[in-house]
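Here the chain labels run A, B, C and D in written order, and each chain numbers its own residues starting at 1.
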Amino acid sequence: MEGRLYHREADPTSTIGPIRVRVLLFGVYGEMGGTRECRVSLPAGSRVADIVETLRGRPGLELPEQPVVAVNQAYAGPEAELSEGDEVALIPPVAGG
Amino acid sequence: MEGRLYHREADPTSTIGPIRVRVLLFGVYGEMGGTRECRVSLPAGSRVADIVETLRGRPGLELPEQPVVAVNQAYAGPEAELSEGDEVALIPPVAGG
Amino acid sequence: MTRTSEVGTRASPMIHAILTEKPLESLEVFQSVGTSADGAVLTFEGRVRDQNEGRRVTGLAYEAYAEMAERELRGICDEAAARFDVGAIITAHRVGPLEIGALSVRIMIAAPHRAECYEASRFVIEELKVRVPIWKHEVYADGSARWVGAAPADAAPEPLSPGNRASEDTP
Amino acid sequence: MTRTSEVGTRASPMIHAILTEKPLESLEVFQSVGTSADGAVLTFEGRVRDQNEGRRVTGLAYEAYAEMAERELRGICDEAAARFDVGAIITAHRVGPLEIGALSVRIMIAAPHRAECYEASRFVIEELKVRVPIWKHEVYADGSARWVGAAPADAAPEPLSPGNRASEDTP
């Protein structure tokens, strides 16, 4: 279900950052962002809120004020700190059932 | 499910009554009363409470103070009046499901 | 009993209330329940347990006041259909001897939305247990047997009447 | 998670949480649910409706964050098993394209008594709808399509987190 791999920098100026995370965009976010997956580099000590702000720069990807995020397959708040190699998923409103 | 037919008078002295009803004894009542079905004659104008008192005379048939009764396959209170040919069922505590 | 669904109008819900000596799994009526407007289907099944009130059960039979039981069951289903927005209510209760593990009752409800399914299903089983004239005769491992729920005469159980119903609220 | 039944002690409940592209009717795991101590079995099924919010639906696909969805679903089942006295909780959600009328989700619960079945079943479906990362893409009769529940950015939906759960009380 994870689709194709795209290796793209959402914000090229952030490549100086020492941590790299894998970003997954599901549902409408993937549609709006034009991809289901990308990689983002961030300064060490970055938090979930920081990567959300970075991703807002992606053309077409309209995010709510505080989108739901999962880090390494568990829900994480905006203050959660990110580490090298983390899997960060942006979770649009779920609609299972 | 109605079992065998027994045509017996529960109380021979009541045969002078002008109405005759068919009585069904289910579950534990049938076991206690020694039959699943009998016929009872009662004076005209008799009510459910009257037939209950009559049936209390039946050996072995221990009934609660106010047993649940159905007349013609619908629940009926003690004041419900009986008519010739009615089907009167004594309903022990139900246990379906 | 006519119900309006989100798109267009639907006919009355499909209702079946059945007493049978056959295994409930075999009944055709459960094969296609509800329509494509019904997004939720809830199936309640009662199964004969191998124990009751701490005693090991080895055999069981249900007796019913057949005509009245079917009439009451049908009345409960009609009432549920009037209260809740459902597309189908199919209810069957088995009578006669049953083996351990066999289905004693199956209640299948289809509805546009799940809330109605749960409410209608719970309503039907709770009413069934109070109103439908069916009795259970259990045989135990020690060879004894009894009619379940049959209190001795001096216990004077509350009289049951259509007005003396279980609450529809789920506990 | 060990549970004591009325006679003797039972092992932990059987729990399965499954995401699959196969029709849910075909899953073996639903064939034998619970033990002879479980007197009640409740099966909730979600079916693809031909309409949603007044629009005619012609096609549908579920996308899932597969590993996380299965992990969340399993967590919900474990939580239900800890809260309610149940013998088995089997839950499966389908992913990929589905036809109208196909099952999207099936939740089967076996328990000694019916109250736990209803409570556990409702708990699982309500939690599933809030927590499990699955998305629905609907195609409509007019040719348009959309991700269901996807609000525009300025609508700022409430953030979802494990602490932001639906109440377990059934409405």
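Brief remarks on what is shown
In this text, a contact is a pair of C-beta atoms (placed from the backbone, for glycine too) under 8 Å apart; a residue touches a chain by one contact, two chains touch by 3 or more.
Small disclaimer: the values here were computed from a predicted structure and weren't measured.
For the pair chain B and chain C, there is no chain touching both partners. Centre-to-centre separation between chain A and chain C, using Cα means, comes to 50 Å. Mean C-alpha positions place chain A and chain D at a centre distance of 27 Å. Centres computed as Cα averages put chain A at a distance of 76 Å from chain B. Residue positions of chain A with contacts to 2 or more other chains are 97. In chain C, the residues that reach two or more other chains under the touch definition are 46, 114, 125.
The set of touching chain pairs reads A-D, B-C, C-D, using the touch definition from the header.
Contacts from chain A toward chain D in the complex involve residues 1-2, 24, 26-28, 31, 62-68, 70, 73-75, 77, 89, 91-97.
On the side of chain C, the complex with chain D involves touching residues 5-7, 34, 36-51, 53-56, 100-101, 112, 114-115, 117-119, 121-122, 125, 170-171. By the touch criterion given at the top, residues 46, 62-69, 71, 93, 95-96, 104-105, 125, 128-137, 146-153, 155-157, 159-162 of chain D touch chain A in their complex.
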